[in-house]
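Order as written gives the chain letters A, B, C, D, E and F; numbering starts at 1 within each chain.
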Amino acid sequence: MALSARNQLPGTIKDIQIGDIMAHVVVKVGSNLIESVITRNSAEELGLKKGDKVRVVVKSTEVMIQKD
Amino acid sequence: MALSARNQLPGTIKDIQIGDIMAHVVVKVGSNLIESVITRNSAEELGLKKGDKVRVVVKSTEVMIQKD
Amino acid sequence: MALSARNQLPGTIKDIQIGDIMAHVVVKVGSNLIESVITRNSAEELGLKKGDKVRVVVKSTEVMIQKD
Amino acid sequence: MALSARNQLPGTIKDIQIGDIMAHVVVKVGSNLIESVITRNSAEELGLKKGDKVRVVVKSTEVMIQKD
Amino acid sequence: MALSARNQLPGTIKDIQIGDIMAHVVVKVGSNLIESVITRNSAEELGLKKGDKVRVVVKSTEVMIQKD
Amino acid sequence: MALSARNQLPGTIKDIQIGDIMAHVVVKVGSNLIESVITRNSAEELGLKKGDKVRVVVKSTEVMIQKD
């Protein structure tokens, strides 16, 4: 099963907050923290919890570049 | 100057391809490659080229979670 | 392997056009056509072609509602 | 009034949950359920409720392809 | 016909470039220029050209805030 | 510090609502109101409040065109 999204980075869930409709998930990827907002339903159906090994997935058209 | 986007990861441009309207940029972030599609105009105005130190920026609502 | 994206709809590729950076894919899902724009690299690495059975995947935060 | 978004699929609202800021809407489109997250303000101003005939609208750059 | 997208701003097309898959549209909105990337197919089917009165439409989840 | 996002429009915060996970921000840009949904964390870390001078930032791939 292969997804067209170019960015699929392995990491570990460091924190998760469940709200009424949305959930906020923080994933450690290498030395960076990547934050994700998904639906509460998805977080619950995937059973996401601190310490889970996951991948963060981002479509390349959603990635911007900043030059310092 | 602070941007609300939660994900702003430092990296180095490894490859860039310029198309008619869009440009494809590959950035090394830690041990991962992150791919970005931006406009040709942005790539040219920022003068992006291989070796540039940049940040990849992603709004957290664009980040999905995959559980293996 | 389970992805947080709520929308994962089975269909069949009806048409694909490859551009310099991006590719345009048309998928028949039930009686609807769903159109997708992904990178040329993804289209080529997945070997997408007419007739392929695929799923179209959309994060729910990207879906709008129109009331007639 | 014509919108550039390529995907505008007719359906019927099956479920709606209103949160503090966001609302979660589930729409039956053919034999599929499509889920949408919009603002609470939009859900209330459109007066969305179970049974409403609506269209789900998605920009093609937001659609990924998964090959099984 | 009412769309959930909160941002629907009236303007005038100042420039349009058609590429192989995508098109780049520049719209004057008040004293600002707003740039849009849509599919070539949409640009052609809508018959977009310089001087057209249009609306730029953006889902609120796609809008970031920057504080200087 | 230059960001690839083509749309960076100056304005003033007219209203802000903080929810459990997300925040809703309304910004006056010229004679238009632009609405943004960001994380509660971002709204709090940026210290956003009514009257703040900000920029609304939108990637051009997120902008649709509607022709009346």
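Heads up, the rule we're going with is that a residue touches a chain if its C-beta (ideal position, glycine included) is under 8 Å from a C-beta of that chain, and two chains touch if they have at least 3 such contacts.
Worth saying up front: this structure is predicted, and the values here are computed from it rather than measured.
Trainee: What are the chains that chain B and chain C both touch?
Mentor: Common contact partners of chain B and chain C, which must touch each of the two, are A, E.
Trainee: Write down the chain pair with more C-beta contact pairs when C-E is set against A-B.
Mentor: Contact tally favours A-B.
Trainee: Of the pairs given as B-F, B-C or D-F, which one copies D-E, with over half of its contacts the same by residue number?
Mentor: Looking at which residue pairs coincide with D-E, the repeat is B-F.
Trainee: Working from the CA atoms, figure out how many degrees chain D turns to land on chain F, in steps of 5.
Mentor: 120
Trainee: Measuring centre to centre with CA averages, how many angstrom lie between chain C and chain F?
Mentor: 29
Trainee: Provide the C-alpha centroid distance between chain A and chain D, rounded to the nearest whole angstrom.
Mentor: 22
Trainee: I'd like the Å distance between the centres of chain C and chain D, where a centre is the mean of that chain's Cα atoms.
Mentor: 17
Trainee: So which bits of chain B are touching at least two other chains?
Mentor: 1-6, 19-22, 24, 35-39, 41-43, 46, 57, 59-62, 64-68
Trainee: Dump the list of chain pairs that touch, please.
Mentor: Pairwise, the chains that meet the contact rule are A-B, A-C, A-D, A-F, B-C, B-E, B-F, C-D, C-E, D-E, D-F, E-F.
Trainee: Which residues of chain F touch chain D in the complex?
Mentor: Interface residues on the chain F side: 17, 19-24, 35, 37, 61-62, 64-68.
Trainee: State the interface residues of chain D toward chain C in the complex, per the touch definition above.
Mentor: These residues of chain D touch chain C: 5-9, 24-25, 27, 29-32, 34-38, 42-43, 46-48, 52-68.
Trainee: Quick one: in the complex, what on chain C touches chain A?
Mentor: Of all residues in chain C, those touching chain A are 1-6, 36-39, 41-43, 45-46, 57, 59-61.
Trainee: Name, in rising order, each residue of chain C that touches chain B in their complex.
Mentor: Residues 1-5, 19-22, 39, 41, 59, 61.
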